[in-house]
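Letters are used for the chains, namely A, B, C and D, taken in the order the chains are written, and counting of residues starts over at 1 for each.
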Amino acid sequence: MNKVTGRSMLLAILVSACGAAGPATADGTRARELGIPFAGEPGALNAITDVAGVEVGQVTLIRGDGELLVGKGPVRTGVTVVHPRGKDSTTGVFGGWFTLNASGEMTGTTWLQERGLIEGPIAITNTHSVGVVRDAAVEWMVGKGWSADWHAPVVAETYDGGLNDINGFHVTSAHALQAMSSAASGAIAEGAVGGGTGMVCNGFKGGIGTASRRFEVGGRKYTIGVLVQCNYNWDGDDLRLGGRRVDHLLPVGEHCFTDRSIERHNDWYPYCGDAGARSVSMNSRDGSIIVIIATDAPLLPHQLARVAKRPSLALGRLGAVSTAGSGDIFVAFSTANAGRVDESNHAEVSVFPNYALTTVFTAAVQATEEAIVNAMTAAETVIGASGFRVEEMPEDEVRAVFRRSGD
Amino acid sequence: MNKVTGRSMLLAILVSACGAAGPATADGTRARELGIPFAGEPGALNAITDVAGVEVGQVTLIRGDGELLVGKGPVRTGVTVVHPRGKDSTTGVFGGWFTLNASGEMTGTTWLQERGLIEGPIAITNTHSVGVVRDAAVEWMVGKGWSADWHAPVVAETYDGGLNDINGFHVTSAHALQAMSSAASGAIAEGAVGGGTGMVCNGFKGGIGTASRRFEVGGRKYTIGVLVQCNYNWDGDDLRLGGRRVDHLLPVGEHCFTDRSIERHNDWYPYCGDAGARSVSMNSRDGSIIVIIATDAPLLPHQLARVAKRPSLALGRLGAVSTAGSGDIFVAFSTANAGRVDESNHAEVSVFPNYALTTVFTAAVQATEEAIVNAMTAAETVIGASGFRVEEMPEDEVRAVFRRSGD
Amino acid sequence: MNKVTGRSMLLAILVSACGAAGPATADGTRARELGIPFAGEPGALNAITDVAGVEVGQVTLIRGDGELLVGKGPVRTGVTVVHPRGKDSTTGVFGGWFTLNASGEMTGTTWLQERGLIEGPIAITNTHSVGVVRDAAVEWMVGKGWSADWHAPVVAETYDGGLNDINGFHVTSAHALQAMSSAASGAIAEGAVGGGTGMVCNGFKGGIGTASRRFEVGGRKYTIGVLVQCNYNWDGDDLRLGGRRVDHLLPVGEHCFTDRSIERHNDWYPYCGDAGARSVSMNSRDGSIIVIIATDAPLLPHQLARVAKRPSLALGRLGAVSTAGSGDIFVAFSTANAGRVDESNHAEVSVFPNYALTTVFTAAVQATEEAIVNAMTAAETVIGASGFRVEEMPEDEVRAVFRRSGD
Amino acid sequence: MNKVTGRSMLLAILVSACGAAGPATADGTRARELGIPFAGEPGALNAITDVAGVEVGQVTLIRGDGELLVGKGPVRTGVTVVHPRGKDSTTGVFGGWFTLNASGEMTGTTWLQERGLIEGPIAITNTHSVGVVRDAAVEWMVGKGWSADWHAPVVAETYDGGLNDINGFHVTSAHALQAMSSAASGAIAEGAVGGGTGMVCNGFKGGIGTASRRFEVGGRKYTIGVLVQCNYNWDGDDLRLGGRRVDHLLPVGEHCFTDRSIERHNDWYPYCGDAGARSVSMNSRDGSIIVIIATDAPLLPHQLARVAKRPSLALGRLGAVSTAGSGDIFVAFSTANAGRVDESNHAEVSVFPNYALTTVFTAAVQATEEAIVNAMTAAETVIGASGFRVEEMPEDEVRAVFRRSGD
């Protein structure tokens, strides 16, 4: 899993819909395989798709190599889409959202907060392609026959301008629609795929990660699933995995440029051939993380807004401080009450007991914590714009830490 | 109705529980009696108690006369309590809240927003007595056997420091408990009673006002009821009643001190004997308004939060700008889903259709608009601390405006 | 001013940048010309551009006629852009926002709320073109050299799907960039222009409106300017102008289809040739209003958030209830502290006194009230998709009301 | 430090003002003494009082023993007060607040959010005494001559109904005023003192804790200080200290009743004499935590609101999920801009650079993490109402964990 996603591969134009890919473990190492401990009972796939009905589609754009030419590339970006009730549904879900640090964008949130409903797909892409994906989601909804006259879909972003030609606006409406139409249930590709293609997480190559938890309340069994696009970065002195501080054990921030001749070198990062490359820490501490939480427990909108706060605690477990420039925005929805979220008629809906929400919160924190680490362990090293290279997490060293600790 | 609440009356210590009083019209003129037009269909009492189950209790404290001596008086204050399901219920209601301009206090709002429930009585008093009333509400709930181990009741305030010895802290726990225990359904005394005893509304003597509207959605009949404690004041150039600008027609702000010898005269208000008294406008434009909205329509918490925004529009109709120092805080609750707001078990609850919320909003705006004007028309002139005198709205002049306009 | 924007004109493809147009009164009747009374002292242009530095650009798209063919037209839409410090500035302004009823979209609000800054242009367009305009604003900012690596501009919308082929996505990035680059100070075209081209306001043809107020605090003179895109509709029983109820005096909702042969007739609206056309009220009560407030008073972000609530009160003055499907979203910014809103270094900034905010609030309410009415009086009758016809406000009848009342 | 706060001591009525006590280490073991690692550079006292001007006062109420008789005792409660600019100041500070899970009360927050100012003392007490302390704070402000006519102080709570006769309402206005008047700079007593007297934190005896961090931005040195009243409890499967999971190593929840004959035994806790006592975990997972953050960095209100979110991440570091019944409410203020927070006149204020906020956030997370652990390590075992016994954290076992790990 430690092979570099190198130059030869990058020569091809790769646009793949990954939603229906094989088991997630085929695409990247999962955190549990490295011995990192997590609490709670995961679902069958340990993925957001363990929540029945949820479908995920991804389009990965990898194209070009070498020096950055705005509008030309290199391109390292994509789109990841979550359909709460599957791509063929035209009915919404109760939802809620929260932002821990809002240096970012998630469209559709004012409407979501107002009526507690999410309609249409939820999509994640790069920062400067939110608009095109948002309008594509509108187009998707019109085409599918969603009943409202107008739409305000939920589209979020993180910034991939280190590896990707973000100002080249390479994501098109067609790419977004392809991600929406190719969505499927089943395992989800993690790491440098879809919206996560160009992302950096805690100093390592990051991107898409997912996990799930099962829980039981009042004799009823439920699942919570989480999908993250992880691009946030820590403040340099505190990284924790599996309940351990690992900031002194793990090398971090060994990003460098692969070609001394490329002009885009800057003050932050060295030429990879320099002896000192490994010792230079990543200076851009910001970044962002988008978290999508799905559950089949019958939560009302105001309860989902509470769940949407819980990724904050998962980030805390990993040592994050939610930096000043980080867009840490979280959204939660419930697939329960299908066919009963009726905006035109009186309806009866199931409600989850407030006193049992701690169980949901715990599952949400646990699944988010693991999904973030999965994004880090799944991703492989990527070389992008102007030869900028972001290293993957060193798996052997991580294994060693947890073998040694006996945790 | 134009008699001054004068000195002789004030010599008595008057502590009355007014919740079970006779028809509201017996206590003060209602706005419709003056010919002011209002849209919509009111309930039988045109009061918050038209919503089945709602009970209101009030304790009015009027004591002393003459110069203000902190801790002695004069006292012009009180407590008004609304029990959403009646005083003997120990089950909560779904609720929501909003603040248009938060220069004030409403306790319990963070807990309300978190779980969408109001438990216990909702009380309104003067600004500096919120604490004692709040703890009394806790004591009430413990005594009644509300099931939770702890309580965070909703208690709000407006400022009566012009007429009342507010820093004398004259409201006691016993007064608050009396308001709670004396609550009843039926007509509600309006004007200078309960928490509204010392309040000023749009430059005139204000206080408690109430109104209601009936509406029908999907063949089901519902009621919305509003109770206000009106103490807000306009910015001096715009007062509107019944859809008319009346700022140039009505004399405003002729507050004055009744005794030249009293030291507390200040720069704002003259001695009443001065010829210029009538021409001096009330300078203290601030103040506050608390609005409590009740309905039997089955609204969820996030829907009630939307309803709680609507008093903003009623204030707009009356020409308000929600001044910088005004505590304009609104709370809404639904008495529906009785016995089904279960925090320990799964439950089924009725939900109101989003698309029909406009009907609820309209009723809420209409009832709030009328409740505010009722507070103004019901109140009689009051002379309070240091002989400070706040005039009631001049009823004959108002009648003339609306007779003349033919509206 | 009562001429219909008819068929022959619509045959031309009209893409005009209207920012630098002549005096606003040349483009449409302003409310004051009809005798409608407003309080407060307007600026020289009675427009948002009275705030020094503010520039406005508009692109109006009117193309095609006859039956709606999605993707073909007819097109009745556009883009309106406000540059807080002018189009050539690359420094942000302190800002705040609020939503009264969030059935709509305004991008960039989470980031605005987080750091209290607006960077880049503020744009308004139709609901389904928010994305393309948003990405165009990003492109604009990259091109102009705004210093941040990424951008989250503020782009809002209202729905023009009655008159316009909204699902044809006719607004392009080029249109948005044209609106941005053509922006200018000076008078602003009102009514059916720019983003307001296809909008309906209180049952009449609406769109863009603007107004301003001067005020003085502590011996310093300030201006507040407002620009609205008015597309909201009332609940059918209450419309107020100039502090008067006019719902019974003014005909409303006489929208109809001009050609009986067109298939898109629906249950709401009749064929214009029918005798009953005038008596059919507009049934689609929803809609939306975007309000942009500019001031040169040195307000901090949390103070601007307070100002951003005030359009609620202006809407109340006009009889609105902010219907369930209305996207009533407001944003406010201050052009003060130019060059001192420094994100990288310590800075000293001017702060406006809290106690004087009432003056700002009053000006904001007054200017918003007038801007909305200006949008209604300036707009002319428009015939759009499938011959759908939205009548302008009948100016003579309005004049008669205010001449008669003597208000 | 492991001695039980036992019966003989409890026979005395102990009302002590602890603000001016000796070094905090004299009152309880601090976390660093046990070898628990923390990042960042603490101030001289590692306390909130490292922020110049901040004064803290505490009143501890310990009275009675044996069976609970409501109104009689036993009493294990108190009040902790923070004066942002010292007890003799009558000028406010910029402030902001946040609630992660709002199962609790903090008064004054709507007013704080509206204008970004905190005036008067900030106080913490038990849940059912918020009112009396709040009114006492009003009385304090009136007495001290704070200039406003009315006050809405910030008073918060956590629930001590396990150890304390909370429904006996034993905190009086005099106690609260004593805490306010006895406040001082210098070291702060931690653990079972003041408002924290009856609190339980992560299953151990908790209460008051404090810590601080120094940081430097743009060549200027600043301090952030934190004081917590820690009463929150985890969900049973995850406790982390110093970046380590310690849930399997540390015994937790060995609470029991000391006297089999007392009737108040319940299903959750056993008689202490039972062999199984140690193995019974505390079942009441809820609780709450109030966090007060002070800094001398010149943050504006919207920046302080961002800082106020950061305790969420400190709680995450400790394994918390912020349970459904937890009142996790945080408030932050800045002592900078003294004399320049002028509500009546224009003023110039210093502003901290947004891009450097990460440094503040990191310090806030670090100090909150340590303050919570200090609350746990400082507290000694307490026996309270009906002989209910809450164990202190076992110091030797904690020392062993961190000695063994070598972290």
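Please note the rule applied: a residue touches a chain if its C-beta (ideal position, glycine included) is under 8 Å from a C-beta of that chain, and two chains touch if they have at least 3 such contacts.
Please read all numbers here as calculations on a predicted model, not as lab measurements.
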Per mean C-alpha coordinates, the chain lying farthest from chain D is C
If you tally contacting C-beta pairs, which pair wins, A-D or A-B?
A-D
Between chain A and chain D, what is the gap in Å from one C-alpha centre to the other?
35
Determine the centre-to-centre distance between chain A and chain B, using the mean Cα coordinates as centres, and give it in whole Å.
49
Residues within chain B bordering two or more other chains
101, 113-115, 306, 354-356
Residue set of chain B touching chain C in the complex reads 37, 39-40, 100-101, 235, 237-238, 240, 242-245, 285-286, 306, 309-310, 312-325, 354-359, 361-362, 364-365, 405, 407
Of chain A, residues touching chain B in the complex
113-117, 217-218, 220, 298, 300-302, 306, 342-356
Which residues of chain A touch chain C in the complex?
99, 101-111, 113-115, 127-136, 138-139, 142, 149-152, 155, 159, 161, 166-167, 169, 327, 329
